[in-house]
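Handing you this structure, nothing more for now.
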Amino acid sequence: MDQKTVTFLIKCPDQEGIIATLTGFFFGEGYNIISLQQYTNVKEKKFFMRICIATNRQITKDLEEKFEKLSKDFSMEWKIDYGDKIQKVAIMVSHTSHNLYDLLSKYKEGMLPCEVVMVVSNHEKLRPVAEMFGIPFYYAPVSNETRLQQEKDLIDLFDKNKIDLIVMARYMQILTSNFIEHYPFKIINIHHSFLPAFQGANPYMRAYERGVKLIGATAHYATEDLDEGPIIEQDVERVTHESTVGALKSIGADIETMVLSKAVKFHLNNQVIVDGNKAIVFPET
Amino acid sequence: MDQKTVTFLIKCPDQEGIIATLTGFFFGEGYNIISLQQYTNVKEKKFFMRICIATNRQITKDLEEKFEKLSKDFSMEWKIDYGDKIQKVAIMVSHTSHNLYDLLSKYKEGMLPCEVVMVVSNHEKLRPVAEMFGIPFYYAPVSNETRLQQEKDLIDLFDKNKIDLIVMARYMQILTSNFIEHYPFKIINIHHSFLPAFQGANPYMRAYERGVKLIGATAHYATEDLDEGPIIEQDVERVTHESTVGALKSIGADIETMVLSKAVKFHLNNQVIVDGNKAIVFPET
Amino acid sequence: MDQKTVTFLIKCPDQEGIIATLTGFFFGEGYNIISLQQYTNVKEKKFFMRICIATNRQITKDLEEKFEKLSKDFSMEWKIDYGDKIQKVAIMVSHTSHNLYDLLSKYKEGMLPCEVVMVVSNHEKLRPVAEMFGIPFYYAPVSNETRLQQEKDLIDLFDKNKIDLIVMARYMQILTSNFIEHYPFKIINIHHSFLPAFQGANPYMRAYERGVKLIGATAHYATEDLDEGPIIEQDVERVTHESTVGALKSIGADIETMVLSKAVKFHLNNQVIVDGNKAIVFPET
Amino acid sequence: MDQKTVTFLIKCPDQEGIIATLTGFFFGEGYNIISLQQYTNVKEKKFFMRICIATNRQITKDLEEKFEKLSKDFSMEWKIDYGDKIQKVAIMVSHTSHNLYDLLSKYKEGMLPCEVVMVVSNHEKLRPVAEMFGIPFYYAPVSNETRLQQEKDLIDLFDKNKIDLIVMARYMQILTSNFIEHYPFKIINIHHSFLPAFQGANPYMRAYERGVKLIGATAHYATEDLDEGPIIEQDVERVTHESTVGALKSIGADIETMVLSKAVKFHLNNQVIVDGNKAIVFPET
């Protein structure tokens, strides 16, 4: 039984009959819908759907062409994932290692449906970690003066290796819009605070000074504006006045790892549709 | 614009084409689907759907008859709520007042889409609370010897008042299967622990003795087996070794109120489908 | 056995021997320490202590005088609560009722160790709620032009009634520094967001637009700067893209009630010491 | 400035003057108390203290002897950690790798104050993980027939290597009381449920069948009774009806790693005192 699972991610203006039409299309084509998730934003009249279909038949470009016609009728934006190509991931790091260890461990355990192609860093410090896990490590130092060149080199490196997703795992350098525009919604960043609180530098120190009773971490798509992109996942942990800044960093590290690896998994599993500056995240099926 | 919103709750064995057929049915009948939530348990081959449709037209028994035919084809169990009849609720209490205050406050604020018809108790203690909120109070004392008669009287009282939902808000008497069978999945109970931990009596004391680091509360449909029915909602709060039993009760009270009122709202909003001993809870739309 | 429990709240620069000296003082005076909580901020060299002592003897001003001498040696700031006077509370509201219902319910249940003397509002809307609970209601309308006069009248009213704590339970008017300076760290406000995110107006709408995955509420002492004062307690709940602004407000209401009533209880129980712009909150004993 | 930090963990019946006497003792001996945490269980009349003292002086057995005398007066049980000896840890595993990866990653990052001396397993499967991290791996197969011998060999191995703490990181074999008695409160186990719910085998499957809305994990000291020992730490995550058993295992894996590594850290940092079947856990300082 050589079943293929194909995933469609669809968004369009909400219109009467859209669910009936879409489901009728796949059923009429002889595909079985194994998973259907949709969300209608009634107020803003927007419709979002994630649909997984299965068939024994060979799924050819034929389906895409028929669907293309349908999509024009409803002004749909859509993506199709045939599930036959593994996504290639690059992880970018600086000094902090906990996210890198966590992502590479989960990767080794087979928990991340991707191929981690490389680890890139502006420091040498974490090279041994990448090497321990058998992942190629690229040293890409950068300064304000060399930033544009470094980004150009990274774009070349990523494009040559057909990178599908860039994970900034506490990579602490600003990315210019030059870089970000190359990978729209293909860069996931972990920010070590509960956004939109404490955007920018030193969030743990600032959380400490504010005397918050909870700290958090947020995984989001990197956009031109620092820490402003669509939030994919975030979580918090309780702290007290007794928590030193060091304790906050230590407690925060665990939240960062959980949140970032969840967000990366959601993305790799095609569970995310970006809507404006928000991320619709369909639950795992 | 006199739009009616009608809610269908449907469950049946999963079959090919079921989503397409169902959505096609309503669309074909000229109704607009304003909200569709469904869940397929792939492993157990079960399908569940909550569908809200809207129309300006008069929705008549006509729709029910046509749907009835369709439902036979798919071996569906289904319920329809025309949204034109307010559900009548009876709250049962004993000594503890926090759930009663919370439910009646939310009711007064218009946060519970129902009519609270009465408060029933095996003690007089909480009569003043019901009266303060202007709700009729019925004193229904009970002992082991009088239990069956008391339950018979309650069934008469509830049936006479066309009670749709019974909320056991820390009502501390056992209900016999005699009573429960009258109201299948129409009795919501709050148990002051995180089920299935600490079923039965004195859960806070037992939580204290076990030295747990979290305590919780669980709202579930009452079934014949004590504290075993389908769980609708549950939540926990962190505690430490410093928490006395009194502190646990105090912290627990807040969890109980939040969990019970959420569960009651889910039920009143037709967000719940019972599957075996589990409750499918569709998110609020 | 006519035991009195007296609570001291103490803060001073951290110095060698301070715990030994303090505990030795009370023990030497023949008092039994029934509860001692302290926290040393090593980095900032600050010491905080909450100590509850018990005795059968009559505690006279004698103890205060002896302690005064000791406190000078260590440059202490301190407060003493003999536990023989019930704190008088005024609750200020505007349109939103859930916090008011919750505080008055908990008050009626005896869960708030205080006397709720009055409810004050700039609208008439919530008068029936106060009256239902048998609490005097004062209507204090205000506009930009009448603000200073209204605040003057409120100060007169509160001072005449010897109000110890003012709880702003979704009172939506700005308080000028003129008012706040009268009641330093005696005004607790609930802000319907997880501070410092979404300070100011319409936090639920802004949380919705930001697409956060968690929303929260924060109880803090009101200071001159809006939503900037020491945080006493805060909490969050998970939300998704499916949550409309209305759903956020509904979910948020439960967080607001829990957080505000917790903060009020902490304050009334002398569990809080303010340090700069932070609140040290000793756990319940 | 060659400061030593010495930690005392003390428990005894609560008695008048105990805090004053203890703090007075250290201060009188010329030591500075840098951290003092204590908890009095008033109802059960038990007293617990964790006190960290610092001095430039050489701390000799002298202190222990003087303290010994004091401790007899108050019937204290006590432990002293001079902080000059690193604790040796053995990790036991079977098939599941996420806890092992997490502990070894945190160890490599310097987040666990210990020396991980070995990984022991009844299967060969996880040898590559240990070797990747450069930790010696011991294969210790076991069956019902060979259990006592295997445990004897393990005891020999652990004693020879002076193991201070054994971490059962999803080691799935029962340990007999023969083994456990050798290491009282020196074996930390992670159970993949929120105890006391779902003790024993297959907790994720049983959580799925019960239809709980939260799943959890619990780290506890292993005692003779399976899953019954003092709970050190536990936590939960929200799940829904949509979560398959596989999804529960995946979500649960993250909770297990966080909870187990926290518990191990608490133990290594001397933050835990066992009281009967409960664990007093002093917050991190």
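Should a chain be cited, it is by its letter among A, B, C and D, assigned in written order, with residues numbered from 1 in that chain.
To be clear about the criterion, a contact is a pair of C-beta atoms (placed from the backbone, for glycine too) under 8 Å apart; a residue touches a chain by one contact, two chains touch by 3 or more.
According to UniProt, the chain labels map to these proteins: A, B, C, D = Formyltetrahydrofolate deformylase.
Quantities reported herein were computed from a predicted structural model and do not represent experimental measurements.
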item: Graph separation of chain B and chain D (steps between touching chains); value: 1
item: Residue-number overlap at the chain C/chain D interface, same or different (half cut); value: same
item: Geometric centre distance via CA averages, chain C-chain A, whole Å; value: 41
item: Centre-of-Cα separation between chain B and chain A, whole angstrom; value: 37
item: Touching two or more other chains - residues of chain D; value: 42, 240, 242
item: Category of the chain touch graph - line, ring, star, complete, other; value: complete
item: Touching residues (chain side chain C, partner chain A) in the complex; value: 39, 42-43, 194-198, 209-214, 216, 230-231, 233-236, 240-242, 244, 275, 277-281
item: Chain A to chain B touching residues, read off their complex; value: 16-17, 19-20, 23-24, 26-28, 32-36, 38, 40, 42, 238
item: Contact set on chain B toward chain C in their complex; value: 97-98, 101-102, 105-106, 108-109, 111, 129, 132-133, 240, 242-243, 247, 250, 253-254, 258, 261-262, 283-285
